[in-house]
Amino acid sequence: MIGVNFWERLQRLDRRVIFILIAAVVAIPLIWPPRPKLQISPPTQKVFDYIEKLPPGSVVALCFDYGPSSAPELDPMAYAILRQCLTKGVKVIVMTLDITGKQMKSHALNRVVAQLEQEGVKPVAGDDYLDLPYQPGYTAVVLGMGEDVHKVFPIGTAGGKTQPIGTWPLMDRVHTMRDLSLVVDLASSNTPTMWVLYGASRFGVKVAAGVTAVMVMDYYPFLQSKQLVGLLGGMKGAAEYEQLLKKPGLGMSGMGGQKWGHLVIIAFVVVGNIGYFASRRAARRAAGAAEVG
Amino acid sequence: MAVAAVAAAWGQPAEAPGSLQVPRELVEAGFPVQLPPPPADLDPAAPAAVVALPDTEDDSGAGVKVFWFPPQQTPPGMKLGGYRLYRSTDGGLRWRALPQPEKYAADAACKIQVVGGHWPWKAYELRVAALYIPTGTPEKNWGLQDRRRPKRVEGEWVTAREVLSRVAGPYNTRPYAKWFDGKKTNLLVTAVLYCVAVLWFLRHARRGREMYLRPIPGIEAVDDAIGRATEMGKPILYVSGLDSIDSVSTIASMIVLGRVARRTAEYDTPLLVPCRDPLVMAAEREIVKEAHLAVGKPEAFDPETIFYVTDSQFGYVAAVDGMMMRERPAANFFMGYFYAESLILAETGAATGAIQIAGTDADTQIPFFVTACDYCLMGEELYAASAYLAREPILLAQLKAQDVGKVAIAAAIWLGTTAATLGVLGTLLMAAQKLTPATAWGGKLHWFSALMDKFLALFATQ
Amino acid sequence: MRRTLPLTITFLAGLVMFAQFFVPHKLSQDALTYMTDWMRIIGAFALVLGIGSLIQRHTGRIRQRHPDAAFSAVALLCFLGMVVLGIGWKTEEGSPFDWGFTYVFMPLDATMFSVLAFFMASAAYRTFRARTPEATLLLVASLALMFGRIPLQRALDPHLAGVAEWIMTWPATAAKRGILLGVALGSMAMSLRLLLGIERSHLGTGKE
């Protein structure tokens, strides 16, 4: 029979044991990634449906406002959205308001374009996609885009070439933010709030956001008030999007680790509570025995 | 009838779907429903009947809507590739090309484009150019400047061609602008009322009235934490958040730092302030220096204790964690706006055995600080901290005004929720009883629902 | 003067920006663009301050043979190395700077963020105890939310995802809105204090 001392020791468990278990259950599924069938959450479905309904020739701006730390959660979203847009003829502008997003956007765009070219979809550089340079200023950039995008971004890069912005055919269609059908902000900071405040409220552009799981709650109020078209939350949001696209990728491969990590935490919480109640009961019994004695 | 007449004037079939409809705005501006015949000297390849009207949807007054009709003829061997707008501000001496999106109104006959950037006190002249590109050339091969230069297509040099219209008119192209956005009246009224409340409480505070404040354990523990660090002879670590200096929470944190710095200067307790933003670092150096001056120990101030680490979020966290493990501060203060790194900081600090007081308005990080820190100031308690620590009547008055504001907002929420519920109930009742506004009861319910909608509209900001 | 001038500038700038919010005229919009452009310029100059502080601190530690001078040397070497690589060979994909970013900075940054998962697990284990009725409610909601966010729920109960979504959409958002309202009022009060010059300690010249 398990003694009270066992439960008390369990409550004071060295956290290194927890760390080792978490490391194991997260790392092992990466070697054998499962392919679970996910329940698609409504905020993710809204983003997917909105882009799916865009006519070919529409222009979507994908803003990479995150750094390497959030890449595991947000890169899968970026790949999935880029793939969806480029395969259905929706044109994409990638940009960033964060200096660390500069490399993230270039990597993501080049990687997805290379994959699509291998699959026989050949997006045209400068007409189907364009990479705009990093410009400091956050709010100033968003406000400037509302007036004249060409003034804010004097150059654009595509297919390994950097040229004045006006020379790219894609930019014939985009002169102000109002010419964008959608702005998708992938962020690990509060830039989606800025896009909603200035982009959506002032210039009327539609905004969707993809954020890390920790920040999802920050944007539910915007979703409810329809200031955001949709919301992707964390790696699960990315996995859901990949499922909708029927193209599993990095997001889906992380679901195994997420599932088992959650289950281990739940197990620890349950065990901890059992130990807590067992200790409390034993303490009461001991107190009762002491009174009688 | 009108469509047929217009079609006859332009020599086009009246059956053409959606063609030759004159937009409502033009008709309201006095434009004839029947298009006038084109002038004899007008190049048939040029856009016709160009009209410019102020964009009444643009309150900044910078917008003008340009309307025009397609050219009658296309030059041989060319096809219509699009349109280009030109603007002159000096009476037609120089013309400058404007940004040109490819989206137009769905109407096939009349094109509409909104042009921005007009100054209300200037008069502008506008013209539209029809752009023609060689037949057989894909449109997407032509960039904006290609339309002005020769281009090699299938081994041959070809050029696009622009044919300009007459100057837009005869209507006034001087835009108008609003000086006040009426949709934001409720916001202005709310802000003014709040300021009045603040000033009213300020006046009371100056009269020396006692004000009750509920105790906040985190603020009361600040002195205890500083005392503990002094007794142990270990430094105090102060992290003022990861936001920049334009964030209100960073300023609130700097104010608390001022109080903490004063105490540490009095007791000669070392203070470490790693910063993520250079401007915050500069401001905090000044604050800590002034604190040392205020207690009469300027020579004890070491500017190197307030230093810039890095702009990178997790680079900063790694540096601060390393500092905590090496320096082993006895007290950690986490005041300001934090992102996902809050738990990393707090857990590392807890592992070193330091007493930890956190304060943040980042509501997603509050649970992490509550879990790992000894005390946590939640949301507005961070802003109130400076008032609590200083106990100045003027600052306390602000807190009272905040509370009044909260009561007002709660009352507005209750009223709004009740109004919305009653409005919906009224509509549902009408539907359930199959009443129409024409009936006695239906009319009353309809009036009531409309009244609730009007009440709710008072709070709308869009 | 040292105190009055910054306070006057703060007051006037605050008043102008407050008025700007309510004025849709083109002058007002252009004023906002102008102010935000200046914020960008000031931010760029601030970087010079930061870099100066960084170099000064670490070279000082090396000179004084501080016990942690090795860390300072590494920090300076990495900083200078990336600057030289970025200026010399640009920052495009395939450049040495990009290599350093992709294979050194990215894994380090991601590793630090990943540490959060471990700390969350240990914090959850330590904190989620049903000590009081409120704590029990929190525990139950957390468990429901965790179950709703993992792919397992289809096997267990298809409604768990709906429960998790409901918790996020309604009670959690309501609580969050409450905190947001308090924060908004607090920041309005704080801003008013700063504009009216009642709060001055952030200028380093406040009276105690």
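For clarity, chains are labelled A, B and C in written order, and residue numbers in each chain start from 1.
The working rule: contacts are C-beta pairs under 8 Å (C-beta built on N, C-alpha and C of every residue); 3 or more make two chains touch, one makes a residue touch a chain.
Just so it is clear, the structure is predicted and the values come from calculations on it, not from any experiment.
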Chain pair with the greatest number of C-beta contact pairs: B-C
Of all other chains, the one whose Cα centre sits farthest from chain B: A
Separation of chain B from chain C, taking each centre as the mean of its C-alpha atoms, in whole Å: 18
Chain centre separation (chain A, chain C; CA means) in Å: 17
Distance from chain B to chain A - Cα centre to Cα centre, in angstrom: 22
Multi-chain contact residues (two or more partners), chain B: 311-312, 314, 340, 363
Multi-partner residues of chain C (at least 2 other chains): 29, 39, 43, 108-109, 112-113, 120, 122, 126, 176, 180
Sites on chain A at which at least two other chains make contact: 67, 69, 147, 217-218
Touch list for chain C against partner chain A, complex: 29, 32-33, 36-37, 39-40, 43-44, 91-93, 98, 101-102, 105-110, 112-114, 117-118, 120-122, 124-126, 128-131, 139, 142-143, 146-147, 149-154, 158, 161, 165, 168-169, 172-173, 176-177, 180
Residue ranges of chain B touching chain C (in the complex, touch as defined): 59-62, 118-120, 177-181, 184, 187-188, 191, 194-195, 198, 244, 246, 248-249, 251-252, 254-255, 258-259, 262, 277-279, 281-283, 286-287, 289-290, 294, 304, 307-312, 314-315, 317-318, 322, 326, 340-341, 343-344, 347, 361, 363, 366, 368, 371-372, 378-380, 382-384, 386, 390, 394-395, 398-399, 401-402, 405-406, 409
Of chain A, residues touching chain B in the complex: 67, 69, 99-100, 124, 127, 147-148, 150, 166-169, 171-176, 179, 188-189, 201, 212, 214-215, 217-218
Chain C - residues contacting chain B, complex: 18, 21-26, 28-29, 39, 42-43, 46-51, 53-54, 56-57, 60, 68, 71, 108-109, 112-113, 115-116, 119-120, 122-123, 126-127, 176, 179-183, 185-194, 198-199, 201-206, 208
Contact footprint of chain C on chain A as seen in their complex: 13, 15, 18-19, 22-23, 26, 34, 36-39, 41-42, 67-72, 102-103, 106-107, 110, 136-137, 139-140, 143-144, 147, 213, 216-218, 220-221, 224, 236, 239, 255, 258-259, 261-266, 268-269, 272-273, 276-277
